Structures are given as C-alpha cells and as structure tokens.
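Both of the next two complexes hold chain A, though its partner changes from chain B to chain C.
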Partner chain A sequence: MIMLSVHNLFQNKIRLSISIGGVALALSLILSLNAIFAGVEEKITAYINNSGADIFIAQSGVENMHMASSSLPAIVEDEVKTISGVEFVTAINYVPNMVVVGDERNLAYIIGLPPDSKLGGPWKIFKGASQPKAGEAIIDRYVAEKSGVGIGDEVEIFGRQFVVAGLSEETASLVNSFAFISRSDFSTVRGGANTINFLLVKARPEENPERLAETIEAQLGNVTARTTAAFSMLEKKVVKDMSTDVINLMNLIGFLIGLAVMALTVYTATLSRRSEYGVLKALGARNSYLYTTVIAQALISVVIGVAVGTIFTWLVSKIILGLGLNLTMNITAISLAKVGSLALLIGCFSAVLPIRQISKLDPATVFRGR
Partner chain B sequence: MGFSTLQATHITKQYGFGPTEVTAIQDLSIKVDPGEVVLIMGPSGSGKTTLLSMLGGLLKPSTGEIRLNGDVISVLAENRLPDIRLRKFGFIFQDFNLLSALSALENVALVAELSGLNRNIARKKAESLLINMGLEARLTFLPEKLSGGEKQRVAIARALVNDPAIILADEPTANLDSKVGHEIMHLLRAMAKEQNRSVIIVSHDQRIKDIADRVLWLEDGEFKEMVTMVLDPVCGMMIDREKSVNLDWMGKTYYFCASGCRDEFIQNQEKDIH
Partner chain C sequence: MLLAYRNLSQDKTRLAISVIGIALALMLILLLNGFLTGLNRQVTSYLSNSPGSLVVAQKGIRNMLGATSLLPQGVVADSLAIEGVEKVVPILSQFVILDLHDKKQPAYLIGYDPDSGGGPWQLAAGREPQTDSEIVFDEVLAKRHNLQTTDIFKLMGESYTIVGLSKGTSSWMTSFIFVRKTAIEKLLRIPQTASFLLVVPNNGANLEELSARLDAITGINAVTKTEMAANDISLFSKVFSVPLRLMVAISFLIGTMVVGLVIYTATVERQKEYGVLKAIGASNGTLYRVVIFQALIAALVGSVAGVSFALGLAKLIMVIRPQFLIVLNLSDVAWTLVTGIIMALAAGFFPARVVARLAPATVFRK
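Our next item is the complex of A and B:
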C-alpha cells in the first residue's frame, strides 16, 4: 500500500508541490515563531548567563530582571562579603532607559558597574574598553552601527552625554540592548548613591551555589538569592508568560492553514482517483487497505512538508544572521517535536474526509465506468 | 485453482421503493460450469451489468440466491465478500480500469499482493503472466503508454493473477479494433478451455458468439431464448421475433423492431430496384 501511496502521490507533481509547499509554509510559520521566541529568550537571559556570577541577589520577592525593579541598601554588599563560601561580590545598578544619538533612540538596559568589576560587565568586546570609566559608556556594536557612532563619539544616556569607550557584542536583541556605564555616573544621574539594584556573587570553587544561595537568604533575610541558572530560568518564564498566548494563537493559525491545505489536496487527490479506488474495491481490496493508502499518502506529504519547512526556516535563520539583524532564531528540539506532532495531526485529520468518500464507494460502480 | 460452478437461482434485483421501484432482474436462473464460455447479450438497460455485478459478488440480489460450488455467496456479510472477489473471481472491464500511477507489472502484482502474496513472489508471478501475454517489453510502462490491446491484456493478466475459477468480462472487446478484439476473444476462450475456468462475458459484440459455448439473450431483466431472437436488417437490433413487425418480401420474411424500420426497408429495396 505504501507503493500505491507513493506512486499516487508522485504522479501529479504539481499537486504534490502545492500540497507539500502549503504544509511546509504553514509549519514554517509555527517553527519560525517558536524559533524567534526561543531566540528572544536566549537574548534576554544573555546578560544573566554571561555575567560570570554564580548567584544573583535581589530585593526580597524579586526573582528576575526583566519588567522588575529591585532595590537594596549598599551595605548589603559588605554583609554578603562576610558570608562564608563567598569569593567575591559585585554590586550593580540596573534600569531600562535609552541610548540616544540625535533622532535615533534605542531602548537599552543600563548597567552601572563599579570600577574594575569582576562580574556583570560586557562579556564580549568588539572594540575598545571593557570597563567604563566616569563619563564613558560601552554600548552594543549593532546599536552603534545603526546610530552611526563609534569609539570616541558621544551618546546620550539618562539625558547626559557619554563618550563611547567600547563596543560590545551579543548584547542586543530585536527590541533592546545592554549599555554599561560606571556606578558613580549612574548614581550621579539617577541619585541614590547608597542604593544598589542587584548583587552578583562568585562562590568559592568548593562551595555549592545552591546551598550558598540558601545561606545568604537565611543570614541576610529580606533578600532573594538565586543561582544564576535558576535566575535565568525565572527570567525566561517571564518572557514565556508574556508570549504564550501569542505563540498559541499563531500555532493555531499555522495548524489550521496547514490542515486546510493538506485536507484540500488529499481530498481532491482521492476524489480524482475515486474510480480507481472503486476498481480496487471491486477486485477485492478491503476498506482498511484503501484507508491506509490514503492515510499513508497524507502522512508522506506532511513528513516531506516538515522536512521542507524545517530546512526553509533554518535557511531563513541563517539569512537573518547573515544580514546582521538583531534577531536570533533558535530552532529547538522542543519546537521540532511540537511541529512534528502538529504535522501528524494534520496528516491524520486531512485523511478523514477522503476516507468517508471511500467508505461510501460502491464497488459495483466499476462496471461501465459509472 | 479449484474447478467451480457458479449458479444463480431465481434471482431478482429491484432498485428503489414504492413508486420509484425498478426491477432490473426478474426471477432469473443461470448455471455456469467449469470450462464453459457463456455470452450474455441484450439491449442497453436490459440488466446485463446488474446481473454481472451480482454474479461477481459486487451486488446482492433482492431475492434468490447465488451459489459458488454449492456455497451461498449472496448472503455473505459485506466484510467476507472482498476475499471471495479477490480469490474466486477475475474481472475484466470495458475501460480496462488499470491504476494510472502504476506500471503494467505493478498493476498485476498489486492484486496478487492483496491476496497475501509476498511482494517479490507477486512480482514474479505478475511478470510471468505478462510475458505469456506477450508484454515482456511493456512491464514498466504506465497504462497511458500502452495501446488498447496491451491495456486489455494487462487487465486479463490482472484477472488471472490470483488463479480465479471464474472470469467475468464486461464488454472486453468494446474499445478495441477488430484484430485486437479477435485476439482477446480467443484469449478468453483459451482461458476457459485450456485452464478449465468459467468465463462469463457480457457484450454487444456479435463476433463473440463465435467463441461462446452458450449465448443468452437478456431483455427486460429476463433471459429470452436466442432461437426466437432475430436481427432487424435496418437498425441491426436483435429483437424478439414474436413481438416484431414482419414483412414478406421477394419470397423471404424479414423482422423489424418497428414499422418505421419496415418502411425504411421497403423504400431502400424499391430504390435498388429502380
């Protein structure tokens, strides 16, 4: 029956191309969207994952950076340093703002770093300094290119001019970027010299970060301490919570488009061979054989559709990368599994109508081509 | 293949109910023995196709029974009929009805596979049959690349691949030229006489009478004796002599389906004389 399915499928190449193309595009829509959100997740947690810290400490109840505000008294830094198992600590300031160049306004998370900070600074430098001094800023390379500025040029942050001292890489996403200034400047323009937003902790090599986080919480009270991995996961969860409805809606739309295309092509393909299925019935083929032939035809189409859709999405992700856009598409195994499952459903559902057609087919109609 | 006798007893087939009811076959009985070629003729709408469908287990009679080797097949459940059709009957159709996406070899092998044969064995069997039919050079051809005669020979090979005892052929020569039609007729006779299969043919083709052991005339759902059937010399229709319009002309009696044909005949004859 697979032989018959394959022959039936490949005999009409135009119909096959439309069918596979339609399914591939629909699945590619789902895959691309998932890949974009996976890329956003990756970008949004890039700072946390590349901070070099083992533990993030925030104001009690704050468990992520995005869409959250954390405020800690500066003295907490000294208290953390005294806790056994802590190797060193970096206090940072953090607030969403803008990097402005003329009319070009780029949304950015501004990080205030202490001098010679060991943690929380830019992790990959394209050009220039890796530590901002007073009056200096390190901005993302793509933001700089987009705004037409380079090392030594001025940008406006918090309404004040900063000289670009360094250009960082991997610090921009589709909608925002990270910019680094000194903590002293941060305090000057934002006020609150005795306030920090987060503490980044490096544990001693022999220390278990999870246990150390628990110890910090227990000893200091009124703070939230999380390992970097946990903090990153909680950050991703925020993005997920914000995007789940959109993703689900787009998945549903993609699924319905794929189903419509597939159902129509399998239905018309079956209808065009109605008399041949009648002949097979007359010759003695059982309904189960004919059903399996139709289902196999639909499933072969969607399997090819998944492969084409995946390759197409992968190519798009590479083209986007090549164009230097701040959009990362991350095709994950989970996305592939989800698309594979949807494709399987599409294949099965699209065979329902043709199967109904075949079940009603009277083998006696085979005589005289009726 | 076992030798089988197909017997229909007092079968009737009615379509529709109440005022729309139509009787296609009326209290008809027929017995076909192994090795026998039976030709069923009759005008369009006489019930030939309905009869063939019932004999082949494609349609159930409204009343009466059909037996194959003594076993009643007309009462079998729908799910048991595919196996009977697959193994006991071979079907040959007017339009060949080959699967367009499959090659000649695959068309024949598929039916063997349906009966449970392993793919390789099915292909070998199909290949051997097609070679015997003189189609060695056409094994991999799609139906669209075959001539009418070649298509019908593939269809015959397909009908034979499961070694059925009974062959049912519906207008097997209708779409073929006279030479190829003649070849196919003799192939059908050989299948009956050399392999002891029963061959039942439904056709309008008068030439098939030459190879038939028995010719039956079906009209209005009933068999009529062929001896009482005569040919209208104008329209060429076989007609019941008892119900015909007759004419004695130049010492000979002619039979017509209607007075219109008789008048046309007279006009033609007078034209020839003058």
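Our next item is the complex of A and C:
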C-alpha cells in the first residue's frame, strides 16, 4: 500500500515538486515567524543573561528592562551591600538613546557603568577597552562598521561627543544595540547623580539566589528583586505576550494555505489515477485499502514538505545573517513540533475530498474505458 | 479565451481549491501590508493629534518613540523667548510595561499639564487627571482588561485611579496612557524636567527658520512633527520590514506554485486535445495564449477572492482584537491584483513548455 502511494505520488515529478514546494513554503511561513520571535526573545535577553549578575534589582513594580523605566535612589546600593549573602553589587544607569555618527543614527540602550564594574559591562570585546573611562564609549562592532567609525573616532551620545574606546560583539539586534559609557558621564549629561536605574547583585557562592532575592525585597521594601533567570523569563514574556495574537493568526493562515495546496495536490493526483483506482476496486480492493493509500500519499507529501520547509527556513535564516541584517531566526524544537502537528492535520484533512471521489467510484468505470 | 475558460472550469472542485489557495496567499500579502500601514498610523497618533507643529527634543534625538529624551533645565523659558514661538507645551514621556492580568503590555506613558495641553485628544468616558494619583487609560486597553473609571491601577509601585478613558490612543505596540506631568516626575524621580516641548508657532511663522532659531539653544534640537512622525515610522519599519518582506515573498511563491500546479495539471490532462489542435494547424503561440489565459483567469478570480477575504478578515480581526488597526489602501489592492497577474505569468511557464514540446503526432499514436 505504501509502495502504491509512493508510485502514485512520484509518477509525475513536476506536480510532486510543485505541491511539496507549496506545502513547504506554507509551513515555512509558520516556521519563519516563530523563528523570528524566538530570535527576538534571545536577543532581548542577551544583556541580562550575559551580565554576570545573579540578581537584578529594580524600582518596585518594575520587572523588565526593555521598553521599561526603573529609578532607584543611589542609597539603595549601600543598603544592598549590607545584606548577608551579597558578594558584590554594581549599580548601572540605563536609558534608550542614540549613537550618532554624522547622518547615521543608531538606536541604542546606553548603559552607565561605574569604574571597574564587575557586572553589566560588555561581555565580548572585539577590539579595545572593556571598561569605559570618562569621555569614552564602547559601542557595538556592527554599529561602528555600519557608521564607518573605529577605535579613537568620535560618536555622539546624549548630544555629546564620546571617543570610541572599545568595540563589543553580540550587542546588536535588528533595531538597536548596547553602548557603554561611564556612570559619571551618564550623570553629567542626564542629570540625577543620586539616581540609579538597576542594581546588579552577585551572590556569595554558598547563597541561593532565589532566597537572597526574597531577602532583598523583604529587607528593602520598595524594590523588585528577581534572579537573573526569572528576570530574563519576564523579559521574554513581553515579546511572547505581544506576539501571541500575531503568531496565532499567521499559524492559522499558514495552515489554511498549506491545506489548500495539499488538498489540491492529493485531489489532482487521485483524479488522474481514477481509472487505476477503478481497476483496484474491480479486482476486489476494499474502499478502506484505497482510503489508506490516499491518506498515505498525503502524509508522505507533508512529511517531505516539513523537511523541505525546515531546510528552506534554515537557509533563509543563514542568508539573512549573511546579509548582515542582525535578524536572528531561531528554529526551536517547540515550533518544529507545532509545524509537524499542523502538517499531519493538513495531510489528513486534504485526503477528505479524494476519499469522497474514490468512495463514489464505480468499479465498472474501468471496463467502460472512462 | 473560451477554450481556456472551458479547460479550466471543467473540474470545478479543482478550480475552487486553487482559487482558495491563490486567494489565501494574496490575502496574506494584503493583510500584512494593511497591518503595517495601520501600525504606522497608530504609532504616530500622538504626534498627529497633539498641539504644535514643531517638537523640541534633547540634542541628537529626532524621534519620539525610540529614544528617551530629557531636556536641559530652562529650555521652556529659552524656547518661549524665541521669536515666532506662540506657545510651548512641555511633556514628560516614557515607555512602561504594564502588568495586566498576567500579561505584559507595553504602553507609552505621557505626563502633561492639563492646563497647557498635550494630553488625550478625545475622551470616551470620564475626565482628565486633576491630581497626581489619577490616570487616563486607553479605552481599548481598558476594555480588554475589564478596567473602567474609578478602578485603581498599579504602575511601578504607585497606585492610580482611572478617571478617564481616551479614544484613538490604542495600538498593538504602543497604547498611550496619560498622567499629570508632576506625577511622572515623581514616579521617575526626575523633578522639573521635560522630555519634549510641543511648540506652537505664531501665525505665519516659517517653520524652517523657527526650527533653526530653536536649534541654537544649547543641548536641544527642533524637529517638525512631520519629520518626527516619519522617523518613528522608519524605526518601526526597521523592526517589521525584513520579516514582512520575507512573509510577502513566501506568499508570492506559494500563490505562484498554486497557479502553476493547477494550470500544469489542466494542461497535462488535456495534452491529447492540445495535440489535436497542433495537428490541425494551431501555432504554438495560440496554445501558449490558451495556457496563459487559463493562468490569468485562475489568478484573477483568486485575486478578487483574496481581496474580499482580506477585507472580511481585517474587519473580523479588528472586532475581535481592536488593538490591531489594518488599513487596506486602494493602492495595496491594486498592487495585489498586479501581483496576481505576475503570479499567473510566472506560473504559465511550465505548462507552456509542456505544450511547446508536444508532438502533433501524439494524438494519432494513442
């Protein structure tokens, strides 16, 4: 039966290629969008995950960095240092702004770092310094290359000139990047020397970060303390909550398109072999045998479609990376499972019409020469 | 033409499935474009409806929604002293993440002085905030989360009473919410500051000249609202353009393949008849036209169905999820129809080759 399905399917290779291509593309619509959002989630948490901190402390009620604002009195830093279980603390300033070079304007999250900060600085340096001194900035390598600047050149941040002292890597996304300046410069240009935005805490090795975060919240009162893992999850949740509706809609449209293409393929393949199915019926083949053949035909097509769609999406992700677009596409196991399930549904549903055709088929057709 | 139509409509089920396939692919293209147009309109709604023609921002900042602007002290007085300035409206704004029923929702918080303006331009219910513990919420966002006036809402550790619901301030990305400027100064611990100044020029003032005069003030730059809106749109386009183009390209390929599959099958099935036509003297050109006509008919019906699907689905989405604005322009519809025709021409390639290779003798051998 499987052999019959395979023969039937592969008999016309052009039709098979077009239909598998259609299904693969429809599935890659779903896969691409899922991969894009998974990539955004990864990029959005890169700073948090690479900060080196065990705990993030923010203003009470603030659980995010991106598109969020947190403001803490500078005195909180000293208060946190006195809490048992805290190894060391780094206070950072943070605000979205621009790295400007001539007419080239790059949206960037500007991080103000204290001298010799142990946490929250650039985690991978391509060239130059890893700690910004007064008047210096560490900017992303991609932004620097795009803007045509290098070490020793000047860039404008907060409307003030900074000398590029270092180039960081893995700090840029499609929309923005991270740039690091000293906290003293940050306070000078932004004001509010007595205000910090986030506190990054390293716990003592023997301390449980979750318990320490609870202790910090309980002792300080008006702050939010989350472990880095929890803070990262909450950051991902923003992307997830924002994208759920869009992804669901796209999944539905992708599913319907895939279904239409597959239904068309299986329908035309069955139709063109109608007389052969008639012969099988005349020879005594049961309807159930023929139904299974049609379903197997549909399932073989979608399995190949899933494989081609996955390879296509993977290739697209590599091409996009190669074009330097800074758009990361992550094909996750979850989205593959989702696409696989949708493909199975497509395969089963698309067999409905051909099955109806076969059930109506009169075995005598073959003898009538129709 | 008639032959093409008969050939195509011979199997109505196949034609119906293929039209649905093409229609879905084109509907997707149209919806994605409409979604982006709607998003652009939503992100610039504040700039379109707030007072003034120029916006003063911190030096180096030329958009509203991307970077955080903080103006130097004294800029309000300095700007008012500039010739050609009639009124200056300071606002303090910041993106915030709201926690609404376990969902994270970004919103753009605007602090304004109700006496000067810069707040909600249309209220669906309630009033503007009179104290620092009052807030005006976007109507759609409030409805989605069962919030109404007099409800207490917690933001960054502070409690606010919802006193008004604003209209036209909703967006999938950036719903606007409003508090008094003094309230946000306390919340962000930045007293006596402003993010932007909305500048109302005197009647007849030349915007370019006025902008240049304002630029002379240290630490700021003036941008026309039109330019700032364009910069915001360009920022959001940057986010969405690559994924959007990718989706559109895939949809186009799918549509082309569906048309191709249908016409190819229809041609192969009628191979014998094409052979007869060739044998009685029909030129390849005539047969190509028959094939291409079939592709055009399928694509055209699919395109019209696609536009109808898109119009219907856009309406449905906006009713179920009112935070989405899908704007279907006439030009997008026209482009979709053109895309359908391009699909048909591309899809006619394989079937045309089948016809071209056909030996007229085939018919007599069978």
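The criterion applied here is as follows: the second predicted complex is superposed on the first by the 368 of 370 C-alpha atoms of A that agree within 3 Å, B and C clash if a C-alpha of one lies under 4 Å from a C-alpha of the other, contacts with A are read in each partner's own complex, and residues count from 1 in each chain.
Everything below uses one rule, namely that contacts are C-beta pairs under 8 Å (C-beta built on N, C-alpha and C of every residue); 3 or more make two chains touch, one makes a residue touch a chain.
Quick caveat, the model's predicted, so the values are computed rather than measured.
Novice: In the superposed model built on chain A, check whether chain B and chain C fit or clash.
Specialist: Because the two structures are overlaid on the shared chain, the partners are seen to fit without clashing.
Novice: In the superposed arrangement, which partner chain does A:30 touch: chain B (first), chain C (second), both, or neither?
Specialist: A:30 contacts neither chain B nor chain C.
Novice: So, does A:281 touch the first partner chain B, the second partner chain C, both, or neither?
Specialist: Touch status of A:281: first partner only.
Novice: Between the C-alpha centres of chain B and chain C, what angle is found at the C-alpha centre of chain A, to the nearest 10 degrees?
Specialist: 90
Novice: Return the chain, chain B or chain C, that is in touch with more residues of chain A.
Specialist: C
Novice: A:11 in the overlay: touching chain B, chain C, both, or neither? Say first, second, both or neither.
Specialist: The answer is first: A:11 touches chain B but not chain C.
Novice: So, does A:96 touch the first partner chain B, the second partner chain C, both, or neither?
Specialist: Second partner only.
Novice: Just chain B (first), just chain C (second), both, or neither: which does A:300 touch?
Specialist: In the superposition, A:300 contacts neither chain B nor chain C.
Novice: Please give the least Cα distance, whole angstrom, that chain B and chain C reach in the superposed model.
Specialist: 12
Novice: Quick check on the output: what are the common chain A residues between the chain B footprint and the chain C footprint?
Specialist: Common to the two interfaces on chain A: nothing.
Novice: In their complex, what parts of chain B are in touch with chain A?
Specialist: Going through chain B, the ones touching chain A are 49, 52-53, 56, 58-59, 79, 82-87, 91, 93-95, 97, 99-102, 106, 110-111, 114-115, 158, 170-171.
Novice: Okay, in this complex, where on chain A does chain C touch?
Specialist: 12, 14-15, 18-19, 21-22, 25-26, 28-29, 32-33, 36, 59-64, 67-71, 73, 95-98, 100, 105, 107, 156-159, 174-176, 190-192, 195, 222, 234, 237-238, 241-242, 245-246, 249-250, 253, 256-257, 260-261, 263-265, 267-268, 271-272, 316, 320, 325, 327, 353
Novice: Touching chain A in the complex: which residues of chain C?
Specialist: The contact residues of chain C facing chain A are 11, 13-14, 17-18, 20-21, 24-25, 27-28, 31, 58-62, 66-68, 70, 73, 94-97, 99, 103-106, 154-158, 172-173, 187-190, 193, 219-221, 235, 238-239, 242-243, 246-247, 250-251, 253-254, 257-258, 260-262, 264-265, 268-269, 317, 321, 324, 350.
Novice: What residues of chain A sit close enough to touch chain B in their complex?
Specialist: 3-4, 7-8, 10-11, 273, 275-276, 279-286, 289, 363-364, 366-369
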